[in-house]
Each structure stands twice: as C-alpha cells, then as structure tokens.
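Listed after this line are the structures, all set down as structure tokens.
Next, two complexes with chain A in common: one pairs it with chain B, the other with chain C.
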Partner chain A sequence: MIGLWRQEWHLFVKARANVGLLAVLLVLSALGAWNGIERLAAERSAAVAALADDVSSFAAKREKLVQLEAGKIVEGRFGSPRKPQQAVLSAGRPVTPPPAELGVLSSAEARPTPELLRISILTRHKDQQPTLDDPSNRLDGPFDLAFVATWLGPLFALILGYDVLARDREQGVAALLASQGRSLAAIAFARLGVRFAALMIVIGGVAFGAAIVTESGRLAVALPAFAVWLLALGLSLGFWLALTAVINGRAKNAAAASLAVLGVWIGLSMFMPALIGSVVNTLAPPPDRLQGVLKLRSVESDLNRRRREVTAAYYSAYPANRPIVQGDEYEHYFVTELYPRTLAFDRAVTPFAAQMDAARVRQAELMRAASFLSPSLAFKLLTEDLAGAAPERRVAFLTSVDDYQARWRGHFDHKLASMTWLTVADYDHKPEFKRAAERAAARWARISLLMAALCAPLLIALAGAWRALSRAAPT
Partner chain B sequence: MIGAVARRELLLQFRDGRLVLAGGVLLAAMAAAALAGWTQFDRAERERAHFVAAARSQWLNQGERHPHRAAHFGAYVAKPELSLALFEPGLRPFAGQTLWLEAHDRPVFANIPSEDDLTLSTGLGVASGSAILQILGGLLALAMGALSIVRERETGVLRQVLAQGVSPRAWVTGKFIGLAAALAMPVIASGLLATAGAAIASAPAQRFDVVLRAAVLIAADALLLGALLAVGLAISALARSSRAALMAALAVWVGGFVLAPRAAATMSEQLAPTPTMEAYRKASSAEFSEGFDARGGYDAQLKALEASTLRQFGVQRLEDVRTGFSGLRMKHMDAWSTEVDDRQYARLVQVYERQSAIRLALASAAPFIAARSVSQGMAGMDWAHYRDFLEKAEAYRRAFGRQMNTLLQNGVRGDRWEMDGDRDDWAKVAAFQYRMPGVGWAITRQAPFLLVLAAWALAAAALLALAATRLKP
Partner chain C sequence: MLKAEQLHKRFGDHVALQALDLQVAPGEVYALLGPNGAGKTTTINCFLGFVTPDGGRALVAGVDPSLDAQGARQALAYIPEQVNLYGWFSGLENLAYFAELGGRRCAKPELRAFLADAGLQADAFERPVSGYSKGMRQKVGIAIALAKDAKALLLDEPTSGLDPRASHEFSQLLRILSGRGVAILMATHDIFRALDVATRVGIMEGGLLRAEVATSEVSAAELEALYLETTRVS
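Right, the complex of A and B next:
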C-alpha cells in the first residue's frame, strides 16, 4: 500500500499541470496570508498607539495638576487638569478585546467586535463606528486565508481530483490498471490521498507560517487553535476529495465528471449558503438598526424635555453630589444636565442594546446549526470564529466594557457631579480596564458543533466514495 | 448556411437535457432571488419611509433646547432606493443606511447592514437576481461555448462538416448565433422579469427612468454573456479535448468571477488606501486649528472676527454689540470648518477615484467587474449614487446649520449664549428632499465600465474569428 502511495506521489509531482496548480494555490495562499498579516499589524499598532496616547495624556494631565497645585502654572479657561468636567468627562479611554487566537486567518467582511473602543463617562451607545471606505471594496470580501481555504481550496481539490479515474476510463487504460493486482478503489484512494496531502501542505503550511509571524508571542494559545483549524481544513478538503471519488466511481469521461463536481460545488458553496442565509434571515431577523437609531433619539428627546426633572431626581437621590463649585453656564451644563441625562440614557438604552446583541447571537447560532447542509459554510464560520468574528465575542467584550465604564464612572462620580476638584490621588487610583476572555466552554462548544458539521458530510461522502469505488468498473 | 447551423445548434441545445436543466436551474434561481429581492426591497422601503417620517417627527418634537444643541441633535436621513434594487441590491449590504446630519461635521454613512446581519457575508455573493445572472450565467455561457466545437471534433462531426467545404468562419458564426439564442432565453426572461417587477414597484414619476435603466442593465449583462460565450467557443476551437476545454473555461471563470473581484478590492485598498475616520478627522482638525495657504487657524480668525465686529458696532466690548455674537461666531466657525472640510473631502474623492481606476484596470482583465459596476449603477446602488446622496445631504446640513446659527444670532444679544428654540423654530427647517439623478447621469458615471464591456465583446469576437481560421478537424 505504501508503495502505491509513493508511486502515486511520484506521478503526481511529475505532472507539470499539478505542480503548476499547486504553485498558483501557494501564491494565492501567500497573498491571503500577507493581507491578514498586514491587517492585523495595522489593527494592533493602532491599538498600541491609542493605549500609548492615553497613558501619555493622563501622565501629562497629572503633571500639570502637580504644577498647578505647586503654583508653578496658572489655570486656563479650558484644559484644566483638576476640573473633572474638563479633565475626565469626555476623555475616551482606549479598550481592546482579548486578541483572537488566529486573527490572521480572516479579515471578515463584517467584524461585529470592535477591536478598539474609547470609553468615557459619557454613553457608548451613540458611537456609530462610521467608516469612509468605499463599500465596493467590501462587497466581495477580503482576499484572506479564510477565502483561500474555504472557497479556493475545495475548487483546487476538485480540479486535481475530478479525473483520477475518469481520465483512465476515457483513455481506455482503466482496465489495464485494474489488472495490475490493485483494485481501482485502492488506486483512486491513493491518488486522492496524495492530492489531499499536497493541498494540506500548501494551505496549512502558509497558514502555519502566518500564525507564527503574528502570534509568535503567544504560541501556547495559538497552536492548539491552529491544530483545530488544521483538522477542520482536513475535514473540509477530505469532503471535497471524497466527493470526487464518488463521481469518479460513476463518470464515464472526464468532462462529465468535471461538470458534475462543479455542479456540486456551486450547489453546496454558492446556492446553499445563500439559501441558508435567506431562511435564517427570516427565522431570526437581524437587529433593526433603524429602529435602534429611532429608539436612541426618542430616549434622548424625552430626557431633553424632562431635563430639569432628571437633574433634580439625580441630585435628590445623591444629595452629597450637589455642585459645590458653580462654573459658568457653559460648564455647568455638562455636569448638572448632561451627566444625569447620560446615566438615565444608559439605563433606558442598555436593555435595547442587549436585545440587539442577542439577535446577532441568535442568527449566528442558527447559521451554525444550518451549516450541516454546507461544509463550505461550516468551515467559513469555524475559521471566522477562531479569527474573532463571532458575535458571542462581541457580547463578552462589551460586557467587560460596561463593567469597566461603571467602575470608571464610580471613581469620578462624586467629584464630577459635585464639580469638586480632582487630586493627584484621583489620577493615581483611576480604574484600569481588564480584558475578560470569553468562557472557554461556550467557545469550544461552538467550535465542536462546527466540527461536527464538517464531520457529518465527510462521513457520508466517504461512505459514498467507498461504495462507488468498490463497484467502479474499468469501462 | 449560418442560419442553418444556428438552427441546428439551437435544436441540439434543447435536446441536451443537461443544458436545459442548467438553464432551468438558472431561471428558477433568478426567479427565487428576484422574489426575495422584492420582499427585501419592499420591507426596506417601508422601513425607510417610517424612519424618515419618525426622524422628522423627532426633530420637530425634540423639545425646547439651545439652537446649537438642536444642531447637534441633528437630522437623520436614509438613502431612498430605486425599485431596480430588487434585482440588483448593489452595495446595500455593505453601505451605511443612514446619515446623521449634525453640527460641524460632514456626515458619514453609518449603520451598515452586514455588521448586524451575519447572513449577508457568509456566502460568495450570489443572493441577488443580477448576481445569479452574471455569475452563473457567465459559467453557463463559458461551459456551453467550451463544449460546443470540441465535442464535434471528438465525435468526428467537425471533420465531415469541413470536408463538405463549409467555411469554418460561417460554421463558427452559426454556432455562436445558435448558442447565443439559447442563452438569450434565460437572459430575456430575467430581463423581462426584472423590468416588469421594477416598473410595478416603482413610483409613477420614476417608471420611465427605471425602465431605461433596466434596459441598459440587461444590455450590459447581454454583452458580458455574449463575450464569455465567444471566449468559450474560441477555447473550444483551439482545445484538443473536451476535458482541456472545460478546464480552460473553468480557469477563466474562477479567475474572472471568483478571484478578480476580490483581488480588485484588495488592490484598491492597498494601492490607494482610504484614510481611517480617525486620520481624516485629525487632518481636518489640524487644518482647522492651524490654517492653510498662509491663512491662520481658527483662533487667529476668531480674534479677527471679534475685532471687526467691535469696529462694525463701534463698541469696546463684545457684550455691547447689538446682535448675538455667539451666533456670528458659530456661523464663522461653520464657514471655516466647511472650507477645511471641502479640502479634505476633495482629497478623499481623489482616493475614491484612484480606487475606481484600479478596479477599471482589473475590469479590463475580468469583465464581470465591469458588468457588475454597470448593473449597480443602473440600479442606483453604486457608490456614485451613494455619494450623490451624501453630497446633497451635506448641502442640506450646511443650510440648516446656518439656520440654527441665525436663530442664535437673533435670539441673544452681546456675547450671551443661553437661549432655547422651540417647535416653531424647528418647523422652519424644511424636511430634506432627495431627487435621485436620472439614467443619463448614471450612464455617464458608468461610461468607462460600459466601454470596457464593449471592448471585451469586440475582443472576444476577434478572438473567435481568429480561432475559426485555425480550426482543425
């Protein structure tokens, strides 16, 4: 058996067309990896720069406060380090989610989790994260490793495997092959196994290189995730090659085989995800952003109309926070009106925002369940999950963000609301954001479901391949 | 002769169950997509109309507040769609649905559907009628062409035909016409379906424009499919076996329909990167504070404004001027930020144009990019239409900002700031009305891509003619 595999490998690499195809795939994988590496580097450097800016900005404010208290400088109208309404009210502190294990794999068209948020005392629910990009550039999705492995990998598998027996039949040498002491099934499996190995080496090798480049500092986290992804890649490619085996077992000629495998690819990779998307969209409609905008504005208008009442209610609930320093009318507005309204706004809007996040999660859950019908979809969802594009990651991140904002507000609440001057100790003991990773059990339950969605069609295809090839006739 | 060959080819296509099946699947898929598109369009338009009315009502009923804070509360607008969007939703999944028109800043599209709707970004983008016609119709055209001649060669028919003295060019032309007629059936059916659906769903005033746009859209798709059919036939004429012909056709399809669009998008972003929102605002803010072209920044200008206002009113202190200086100051600030913003936006537009030029360059290698751009343009769902909406909304924002500043200027005296406007004041701001440009405008914007398609059709015809002269039995 090993001899047969060795011989088939030798024949495979001797064919210039096969090597050419693998070279093309290698170049495409490398391009996908390069894009992932570049995106991740840009994202991380933006986060590092924002964090550094934040540190230096607070250090500068603290230093200014020290000088002010020592009487070395005079306070200006704006930029005071001791007036909380100027120093901290709208100072956005950068927060980032825990990095995904394999962010380099996917630059997903839509990434629900913001990779950098700025959290201040003011509400975060009005941040729209707008972008200036021409959406034409997002329409087709990025050229990343997820694209290469999900859509191109199977196509290359089909091109390499569609005629492993059909060609011999067409050329009339299948009977000769069958008379050499090896069954056609064994020969076909050896040929497909060789192709499987070649594809895994090319795509897996490039992905491994990309993961090493981007995650060199935390390989202990990245490598297990990479092993899972590699296994998923194997299941996906295995399915498509097993499918070519089924078709090779029956097809009379190579052209018919190629049309059949192409038809199946179109059905499972193009139509089925579109159909699943349509059904899921009906069963679990996405959160309605337009309604969301109206809701936010309606709450805002209502609070504006009741602004005096809201302010009075706040200071009556927290009498110790009544302003002791009366600033001018401009400054006073930001404390006595805007701050109580911000708190009331968040109380009214947070449940609605949570509903919107729950709708996103519900859609993702249904997509995962439906991905049993399309291995391409299952593999894409799994890759994107490992790359950090699952909506559950957003929920986990925003939960920790809300917790942090509550602590940040709590730290400055009394001094801001009462317009009391800040001290150096307020700066020194300000709360810091702690990243909280998603619960591992929930995370791996999602991945396991997607792995099962890849295993099931593979097993069916393998059974079909075994049956078709064991009955395959030389003519 | 050509007619006889064409009729025979058409007959063969109808007798070939696989191609009839493929055509049927294509039609069924397009019909299903069009139906889903209709539902989505109808829902989107109802939601948009509700949103626009509710947003207007919220503006009117925001309560009493300072005019500048009202300007910050701002107005929300959403881009309307032409009914052809039911067949070609274009950039809808990836473009923001709304613009928030508020004080100081040019609006940016926000609330992108794909950020909330996972189903929009998990497939390969074949969910609309137009995409199915172009992508799967393209594959069908290539496969039909690629198998057509080589099979005649493999079965020995070609040898017999040529032995009878038939001109290879006439024979190939006849085959092309026959295949094109077979392919035209799903194209015409889908064209009629799309046009009828769009005309029914359209507002009466837009109906004629929509029909003209649909005609251009279908003509562009016909050019694409015709060119691909000719390429497929040329491959078939030159290939040694049907296996080789199919592989070559498949390579053209994968390259042109799967790889090239992503490569074009990636290259556009790599070679002409769009600035991030943060960088754009930082650059605007720097020019605002520091000035440009030897003009001082805002602080210097404010001092000059204060001095000229004191001179104008013949007083020593701003508190004594007989107008609301706060309003004047806001007007001046907005006028200055408008100048700064126009410069920044012009730079941004240059980036968009460079990106479009890169896509155009790649479209010359992959006509699908050109055909899709034309169909998006005709459906009013391309970036040019989105930008037109944005620019008109920006003009409206500036006008209503001036109105709020005038209200402030007239409502206070001296350097005072606090005052409240009420519903009557808000009602004086007219609602935003948007009129979508006509088909002529859309064709002008898509002219380069239409030319690329025409060039592709001509080049494919020339390639087919050349392949016909080299036809060997």
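Right, the complex of A and C next:
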C-alpha cells in the first residue's frame, strides 16, 4: 500500500498542472496569512501603545497632583489633576479582550468583537453602536486564511480530484489500471489521499507558519487550538475529496465530473449558507437597525428636551442665579449635565444593546445547528470561532467591560457629584480592568458541535465514495 | 490456465456470448477471430472480471474473476488495443508505476531490462510517453506484462494500427512469452497474424464459438476461407 501511495505521489507531482495549482494555492494562502499577520500586528501595537499612554498619562497626573499639594506648582484653568470633572472625565481607559487563540486566521471585518475599547465614566454606546447584520452577509469576508481555507481550499480540492478516475476512464487507461490486480477503489483512494496530503501541507503549513509568527509568545494556548483547526481543515477537505470520489465512481468522462463537482460546490458552499442565513434571519430576526438609530436619537432628544425644561424652570424660579459671564457654567456643566445625561442614556440604551447581542448569539447558535447542512459553513464558523469572531466572545468581553465601567464610576462619581478634589489615594486605588476569558466549557461545546457538523457529512460522503468506487467500472 | 465454461452474457436484447467453452493451456497462444460484435472483447472482459457473466464461468488459474476479481487479475496481464499510458511520465516511470500496481517493486536496471526485452529503444526509456508512437506504447504494455510475470496474457486487437514491422516485432514478443509458459488469449481481426503467432484459432460469430482449428493444420488461404464461410453462415 505504501508503494502505491509513493507511486501516486510521484504521478501527482510530476504533472505540471498539479504543481501549478498548488503553487497558486500557496501564494493565495500566503497572501491571506500576510493579511492576518499585518492586521494582528497593527491591533496589538495599537493596544500596547494605548496601554502605555494610559500608564504614563496617569503617572503624569499623579505626579502633578503631588507637586500641587506640595505647593511646587500653580494650578491652571484646564488639565487639573485634582478636579474630577477635568481629570476623570477626560480619562478613557484602554481595555482589550483576552486574545483569540488563532486571531491570525481571520481579519477584523469578520470579527464583531472590538479588540480595543476606551472606557471612561461616559457612555460606551455612542462609539459602539449596537448593529447587527444578516449573518450570511459576513460569510465571505475579507481575504484571509479563513477565506482561503473555507472557500478556495475546497475549490482546489475539487479541481485536483474531479478527474482522478474519470479522465483515466475517458482516455482508456482505467482498463489497464484495473487489470493490474488492485481495485479501482484502492487506486482512487490513494490518489485522493495524495491530493489531501498536498492540500494539507500547503494550507496547513502556511497557517502553521502564521500561527508561529503571531503566537510565538503563547504557543501553549495556540498549538492545541491549531491542532483542532488542522483537524477541522482535514475533515473539510476530506469531505470535498470524498465527494469527488463519489463523482469519479459514476462519471463516464472528466467533463461530466467537472460539471457535477462545480454544481455540488455551488450548492453546498454558496446556495446552502445563503439559504441558512436567510432562514436564521427569519427565525431569529434582529432588532431593526433603523430602530436602533431612532432609539439612540430619541433618547438623546428626550434628554435635551428635559435639560431645557429643567434649566428654564430653575432660572425662572431663581433669576438671580442666571450666569452673568458666559462660561461660568463650564465648571458645573460636566457634573450637572453631561454625567447625568450619560447615566440616563446608558439606562435607556443598555437593554437595547443587550438585546442586539442576545440576538447575535441566538443567530450564531442557529447557524451552528444548521451548519450540519453545509460543511463550508461549519468550517467557516469554527475557524472564526478560533480566530475570536464568535458573538459569545463579544458578549463575555462587553460584560466584563460594563462591570469595569460600573466599578470605575463607583470609584469616582461621589467626588464628581460633590466636585470634591481628588487625592493621591484616589489615583493609587483606581480600579483596574481584569480580562475575563469565556468559560472554556462553553467554548469547546461550540467547537465540538461544529466538529460534529464536519464529521457527519464526511462519514456520509466516505460511505458514498466507498459504495461508488467499489462498483466503479473501468470503462 | 484460461478456461471458459458455458459462458453466457447478454446486454439488453443483444446476446454477446452463448455457451462459450474455451481453454488456453500454459505456453499456448489462442487467437479469437470474428467480426465486430462477435463477442471477442466480451470474452476477454469476462476473464478480466470487467463483465460478470449471466451464466457459466470464466476461470483464470482456477480463480473465477466474478467471485475474486483481484485474485484473478493477479495472475494475468492485459494489453488493450490502445495502450494508453500517462503522457507526462516516461516509459520507465509508467512501467514502474504499473509494476507497483501489479504488486512488484523493481529496481531501475530491472525495469530497463524489461523495456529492452519488450523491444523499446533505449533512448526512449526516459522520454515522456506523450511522444511515443502506438507501437512504442504497445511495447511498454508488453514490458508491463513482463514485469508482472503473469501466467496468462489477454490481448484485445493488439496489432490493430501497427505497421508491418511493428506487428512482426510484436509477434516475436508473443512467441517469447509463450515460450516462457504464458497462456495467451488474443482477440484479433488479423487472420494472417493469428496464423503466424497462434497455436490455435477460434472463430466467433454472434456470441458463439463456431469453429476451432490448430494453426499447424491449415494454410492462410484455408483459414481465410473457413473464416468467410463460418461468418457467412449467420
């Protein structure tokens, strides 16, 4: 059997068309990997710079406060380190989610989780507006390794495998092959096995290189995830090659086989995911995006209206308190208007944003369940999960962000409300963000479901392949 | 070595074989003559296990290919009318590939010897087969049979389209193989080639073996007359 595989490998690599195809796939994989590496490097350097700025900014404020209290410097009108309405309101603390195991596989557009947020006592919802797309719109995504492995990998598998027997049958070689004493099934499986190995070496090799480059500091986390992904890649490619085996077992010529595999690819990779996306959108409709925008605007305009009413009523009751010089309100504006408005805004918008995220999670759950009908969809969802795109990761991160913001506000808001000066102790004991990873059990349950969604069609396709090839006629 | 017992085969309404009895002993060359559709290729396909007979049985070294196709194929070699090989492989590489399929891993010198024994010019060994003539590809087919060391050889119109010199060389190779004890069953339209190389000739028509003669007992003219007479009857 090893001798047969050795000969089949030789036959495969000696054909220029095969080597050319693998070279094209190698270039495409490398481009996808490069995009992922570049994006991840930019994201990480932005996070590192933001965290460093944050540390130095607070250190500078604290030092200035120490000098103020010692009477070494005089306080200016702006940038005071002890007035909370100036020192705290301007501080946006950078926070980042726990890094995804294999972020390099996917590019930012496909990943709804923000990789860097700035959290202050003001609302985060104006920067992070709750939106939700039709899930099928995110299926193709940018040109990254997820795209190459999900869509192009199967296409190359089909191109390399559609005629392993059909062409021999068409050209009259199959009879000579079959007369040698090995079954056509054994020969076809060896040929497809060789193609499987070549595709795994190219795509898996490039992905492995990209993972080593980007995750060299935490290989203990990245390598098991990579092993899982490689297994999923094998299941996915195995399915497509098994399909070519079914078609090779039946097709009388290469042209018929090529039409059949093209039809199957379009059906399972394009039509079925789009159909699933539409069905999921119908079963779990997201809150309307327009409604979201209108909601934000109505909250904003309601708060403005109430501000005008309260201010007008106050000044009509206390006309002596009207500001004499324009700008006198400046010191009070943040405390009497901006902060309360922020709290009111958050109270109104947070449930809506949570509803959006819940809908996103519900859609993802339905997509995963439906991915049993499309191995491409299952593999795409699994790859993006390992790359950090699962909405559950976003929910876990934003929950920890909201928890942190509540602690941040709790630490400062009594000083802000009373406009009491900050002390060095306030700086020294300020809350710090603690990254909370998703529960591992929940993550691996998702991955396991997607693995099952890849295994089931593979087993069916292998059974079909065995049946078709064991009955395959040489002519 | 090759034995057909009451072989029947029908494709829809067309009867391809009727009660065919045939036997080819080791070292014997048996030529099957007959017009197109007489059942020659179906007979060969029954021995190869490509076609399952509706009745009777074909035996290759005692193995029924309809029950154990791989077992039967281990014992035989097959050369079709057109020996189609992998064009991007050289003759040597094609031979290595098919020898491996036949269960033999041969060293390069051994493979070269098989090609040389089959009559292929040495300068063609390493050239891609896409540039080979039909005769050269037939020689690689013979080399594959030699490498397999098969006990029986099935040939389906092997000299069709070959020039006289190539046909002559091919006949000589068959004689060498039969001299080594290989049982050879050859379907052909070429009466003179059959007379030249075969020990016995069977004439088929309409799925029936209508006549069988030893080539030592007939001249070319007699065999041609017998062929015309036999195939006219139907």
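We take it that the second predicted complex is superposed on the first by the 427 of 475 C-alpha atoms of A that agree within 3 Å, B and C clash if a C-alpha of one lies under 4 Å from a C-alpha of the other, contacts with A are read in each partner's own complex, and residues count from 1 in each chain.
Going forward, a residue touches a chain if its C-beta (ideal position, glycine included) is under 8 Å from a C-beta of that chain, and two chains touch if they have at least 3 such contacts.
What you see is a predicted model; the values in this text were computed from it and never measured.
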item: First, second, both or neither for A:I73, with chain B first and chain C second; value: neither
item: Partner chain(s) touched by A:F143 [first = chain B, second = chain C, both, neither]; value: first
item: Chain B versus chain C as contact partner of A:Q171, first or second or both or neither; value: second
item: Partner chain in contact with A:V13 - chain B first, chain C second, else both or neither; value: neither
item: Chain B versus chain C, judged by how many residues of chain A each one touches; value: B
item: Touched partner set for A:P474, first chain B, second chain C, both or neither; value: second
item: Contacts of A:R182 with chain B and chain C, given as first, second, both or neither; value: second
item: Which of chain B and chain C A:L262 touches, first, second, both or neither; value: first
item: Chain C-facing residues of chain A, complex; value: 3-4, 6-7, 10-11, 14-16, 171-173, 175-183, 187, 473-475
item: Chain B residues within the chain A interface of the complex; value: 18, 29, 33, 36, 47-48, 50-51, 54-55, 58, 61-65, 73, 76, 78, 91, 93-98, 100, 108-127, 135-136, 139, 143, 147, 241-243, 246-247, 250, 254, 258-259, 261-266, 268-270, 274-278, 280, 348, 352, 355-356, 359, 373, 382-383, 386, 417-418
item: Chain A - residues contacting chain B, complex; value: 28, 31, 35, 38, 46, 108-110, 112, 128-143, 147, 151-152, 155, 159, 163, 167, 170, 253-255, 258-259, 262, 266, 269-271, 273-274, 276-278, 280-281, 286-290, 292-294, 297-298, 300-301, 304-305, 329-330, 356, 359-360, 363-364, 367, 377, 380-381, 391
item: Touching residues (chain side chain C, partner chain A) in the complex; value: 48, 50, 69-70, 73-74, 76-78, 80, 82-86, 88-89, 93, 96-98, 100-103, 105, 141, 144, 148, 154
